[in-house]
Amino acid sequence: MIRAGIVGGTGYTGIELLRVLVLHPEVEVAVVTSRADARIRVDALYPSLRGMIDVVFSAPDVAALSDCDVVFFATPNGAAMLMTKALLEKKVKVIDLSADFRLKDTKEWEKWYGMEHVCPDLLAEAVYGLPEVNREAIKSARLVANPGCYPTSVQLGFLPLLEKSLVDVSHLIADVKSGVSGAGRKAELAMLMSETGESFKAYAASGHRHLPEIAQGLKSAAGESVNLTFVPHLLPMIRGIHATLYAQVSHSKVSLEEIQALYEQRYAHEPFVDVLPSGAHPDTRNVKGSNRCQIALHQPQGGQTIVILSVIDNLVKGAAGQAVQNMNLMLGFPEDQGLKTLALYP
Amino acid sequence: MIRAGIVGGTGYTGIELLRVLVLHPEVEVAVVTSRADARIRVDALYPSLRGMIDVVFSAPDVAALSDCDVVFFATPNGAAMLMTKALLEKKVKVIDLSADFRLKDTKEWEKWYGMEHVCPDLLAEAVYGLPEVNREAIKSARLVANPGCYPTSVQLGFLPLLEKSLVDVSHLIADVKSGVSGAGRKAELAMLMSETGESFKAYAASGHRHLPEIAQGLKSAAGESVNLTFVPHLLPMIRGIHATLYAQVSHSKVSLEEIQALYEQRYAHEPFVDVLPSGAHPDTRNVKGSNRCQIALHQPQGGQTIVILSVIDNLVKGAAGQAVQNMNLMLGFPEDQGLKTLALYP
Amino acid sequence: MIRAGIVGGTGYTGIELLRVLVLHPEVEVAVVTSRADARIRVDALYPSLRGMIDVVFSAPDVAALSDCDVVFFATPNGAAMLMTKALLEKKVKVIDLSADFRLKDTKEWEKWYGMEHVCPDLLAEAVYGLPEVNREAIKSARLVANPGCYPTSVQLGFLPLLEKSLVDVSHLIADVKSGVSGAGRKAELAMLMSETGESFKAYAASGHRHLPEIAQGLKSAAGESVNLTFVPHLLPMIRGIHATLYAQVSHSKVSLEEIQALYEQRYAHEPFVDVLPSGAHPDTRNVKGSNRCQIALHQPQGGQTIVILSVIDNLVKGAAGQAVQNMNLMLGFPEDQGLKTLALYP
Amino acid sequence: MIRAGIVGGTGYTGIELLRVLVLHPEVEVAVVTSRADARIRVDALYPSLRGMIDVVFSAPDVAALSDCDVVFFATPNGAAMLMTKALLEKKVKVIDLSADFRLKDTKEWEKWYGMEHVCPDLLAEAVYGLPEVNREAIKSARLVANPGCYPTSVQLGFLPLLEKSLVDVSHLIADVKSGVSGAGRKAELAMLMSETGESFKAYAASGHRHLPEIAQGLKSAAGESVNLTFVPHLLPMIRGIHATLYAQVSHSKVSLEEIQALYEQRYAHEPFVDVLPSGAHPDTRNVKGSNRCQIALHQPQGGQTIVILSVIDNLVKGAAGQAVQNMNLMLGFPEDQGLKTLALYP
């Protein structure tokens, strides 16, 4: 049994980490921090956990966290970078679910996140935790930057095409829709049910923080810079992301059958990426609560435009589930341990 | 007072026509047909109408409908074309909310709708009822083909750019999301709340019947054939369509300010198209129950891609409201009569 | 045209008042106050109102409001009582949608609302604005206390039985369910869509502020004190209240037919109370956006327990619509003017 | 590994059984029947199960099912009774999730279910599968009648009070609200999202089939006949039941503290019944996807009326989870095996 700590245990990614970890056979959740709820029992705040965990929220404290084997940061951006160096020095492995270590370029990070980065050296060291790309590096990493939810769905959808240079990278479009839990557990007027229920809208159409993260990953896959238009939208539901991706094939002779075969081959051994049969339309409900990404491919009217449909649960493969997948890799457990849950349908 | 008839009064567009027409000061709803519910009071099936209408559903019958000044078809595709000729001969004006008269090309219509068209001559005569394009023709029409919901939102979003030839018409993308009422009032497994609630998916990504209708309208605006990729999606909510449209500007020197000014000018005198200020994100809730289309424009990262966001209520501007707008034009009433309702927020 | 002012125009009852009043033929909305949003255009905050109102939010100010003929308070509890006296002295009629003037007993008010009442004399003068009970008094009132949403649905459901002393008043039960808009437009964690969507719970089961208001009204109807158990619940939807009421008939010989006839007779001339046919189950959707209360009656297994089902839209008959109904009565307009809208179905 | 069969695998209880059983370490799902979908792979219909099950739907057939150790009926009422006797003769244990064996009184069953019972002798033998009442009998049963969803939530809520004769059994009220998945996976107009979303209503207020089942259980607990008013309601959400129960204490001296202690003691060793601390309000989301029932107790205004709040997931503790709990008991597995999943929050 290894000891795990969660910093920021009261947000939706924190509670989702708890949901997965309390049933993980190799993990004891030893520390869960929350400044605001310190000294309250975790299961008093989250009655779904009653009987599963005896831990009391504590204020975040490096000394207490240092007794853990692995620490997850489920904190707002800017918090993880303040404690990570100290934890790494204590030989604690760190998995950051916030954005603090996702970008390699410090200036880019500071521009999009509006603050100074306090440990740019760790930006270089941090491994971007998308196992489908960086599995071997993750296994030996001390510090993993867990990908954002939008970036996970978009990258898994585009990667095979970009790796094989089959599409025009100057005209990529990602029209992505997310459930409201992606906005986190914060008291904001805009996220009231009266404001988000029974309605739909785009937001941040002129520029969203996940854009540089996606672009960085796509560039790495393509071997060249890409031009991506990324428009996020807010769905009137709680969990799930659906990315609808558009790319123009470079050579008109590439058929949908070839692309289907390429995707099936690329993800054949991936435990959590599932390429659906040709003609399918993945539904976010079929991955709700599971760590799976389901992908389907279309070529409307047999034309030049390839449409990729990619769905995940933003809190699982888009956050806590992927973090546990990374933990399994870092600590030598089977990659899918604790993650074999099925989607809740209906 | 003119007399109006509704054929197919038990679907969602039928009941929405009733909601608008029973309060219209110039209209008496004289006939409402429903084969299945004949002899039942309309307000017994729709308790929201209690006290507003005394009509009893009747079986559809040309003789009874011939006493009307205008007849609306809110029927499944293929029904209106069977009765329209007889009604026109009786000097009844016809507004068809189904797809029977929307396409000019008979072969194209028969390919997408899978049946033979019984009156292709009327296809030529029918006026496509998008007032923002065909206002004058509608005023003198005997037969109006009321546009589909998706086509209304997409055409109003793209028109100004295409009319001015500002974008590359070979790479248009329409990523459109609709509430479930668009699927109509039919007992289908796929439309149960357990199947569509709290989930999101694309459908018909390889080809949807509204594609040729949109393409016909865009071609007419552009003066040349267009290449459109249209992917419809199903939202876990009841009313509302949000079209996210992507186009590449032909000349990089066109600025967002110029495009904003173009849209404001194009729609300056339109009673039901509202161009939002620069930077806005229209929300479907702000047009719910109203006949309005709200549009906003973006140019992410100042690049070549223009993003147009266009929202309507699929049952109002996308169906019954637009039909009444057309009726007002055909019968010489003020264009917005009976349509001055405000969106229901929240 | 009379001039109306709205104090607290940014909450859901405030915007709902605007939705009704901007289309009211006898009313000009002259002043809309909001401390936080002063100097912002009303339609900038509420895009559904674009083109319908030119007013800019102003800070609340007695002088400016004194030029109005009627002022609506759509404020948190405790605000209206601070300004009402001054407005009444300026001959302005006041309709308070908050709870400040709903209870006759000052001590009771102070106990449930946790503050001192600054003008207990006005408690005595204020007319409780349930037109179905106090129509004549409302017509001549200077100050109307607009009923709460729960109290409206429960009182209209119980009144006929209590007025005729047909049930045991020592065992009344009101199990009432409300959409989330009843909680208002406040940034509260508990009202996020992630917290309230796809879930259901009771709250305040041990005592809710609307209990004394309901009890006061029922006592007045019964002519004696009543014992009511009132349990409110939160529905995963935006608008609508459904009250399920249980009462024991005092004399076993009272039949459902007699009770049905009693309700039909009691509400025969009420423009906004609609008694459904025997055996019906009112659906909140059939009153969504309308000022109507729909009621149905049941006597399960022909036993001693009468079940009354009563539905309203909490923001219309439960707040803004009823307030305009009261305004119409106070100012001599037709009682249903501006309120003839139909429910939005589906 | 035991072999399990599921008859009627395409409904929501069928797919929920699959979700639980494919991860159960002691069970192989060997047969899944569906007349309509015979020869289709189970995971083609339910993409959430891809990679977890290789079974193909087959037509229901006693011979094939006879090779199973246990067969679950997740069929419409009236189907299980046709095959059960043959299976029992083949030494197959049967767990019926439909209503065929829930009532002891044949006449009562035939009255409420509108058909003749073909094996009334098995009605006598069948054990009612509420483990909190019949655990020992279930362990040795050949045939278990799995309780209905409403009856589970209502009985678990009332039982402790009735077993101790603390309340007046002639005035019990159960106001119960269910998510739409309780209506099953059937193409019905009334269950479309456009009909059930964003709205709320009671149904079958004059009499529902679960009434005699609840009354039978409550009578058994109380040792005398009870008089129960049961009003079911339909919630605009997918999963979850919330029972709000009202009872009058017989002796005014019983305090809430005593009742709280009674419930905690009664359910102290129950793995799936969780009595919340005094003052709590259980939320259906906290049991979504889990086999747990959470209960809280209130005594409004310290009066005579006790309010019990009881929540379950209708598809888990109200159907498939409870069925697996019964299977575990019948086959000697740990009672909670395969059922240790946590609720999905948010």
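Here are some notes:
In order of appearance the chains are A, B, C and D, and numbering begins at 1 in each one.
The rule is short, and it goes like this: contacts are C-beta pairs under 8 Å (C-beta built on N, C-alpha and C of every residue); 3 or more make two chains touch, one makes a residue touch a chain.
What you see is a predicted model; the values in this text were computed from it and never measured.
Chain centres were defined as the mean of their Cα atoms; on that basis the chain farthest from chain D turns out to be B. Across B-D and A-D, it is A-D that has more C-beta pairs touching. For the self-contact between chain A and chain B, the two sides draw on mostly identical residue numbers; the shared fraction is above half.
Centroids of chain A and chain D (each the mean of its C-alpha atoms) stand 36 Å apart. Averaged C-alpha coordinates give centres for chain A and chain B that are 39 Å from one another. Distance between chain B and chain D, defined via averaged C-alpha coordinates, is recorded as 45 Å.
Across the assembly, chain C contributes 12, 181, 185, 194-195, 197-198, 236-239, 282-283, 285, 288, 346 as residues in contact with two or more other chains.
The touching residues of chain D, when paired with chain C in their complex, are 171, 173, 175, 177, 194-195, 197-203, 205-207, 227, 229-231, 233, 235-240, 242, 244, 246, 248, 279, 281-285, 288, 298-301, 303, 305, 307, 309, 311, 346.
Interface residues of chain A, counted against chain C in their complex, comprise 12, 180-181, 183, 185-189, 191-198, 236-238.
Considering their complex, residues 12, 15, 19, 22-23, 46-52, 181, 185, 197-198, 238-239, 274, 276, 280, 282-283, 285-290, 294, 340-346 of chain D touch chain A.
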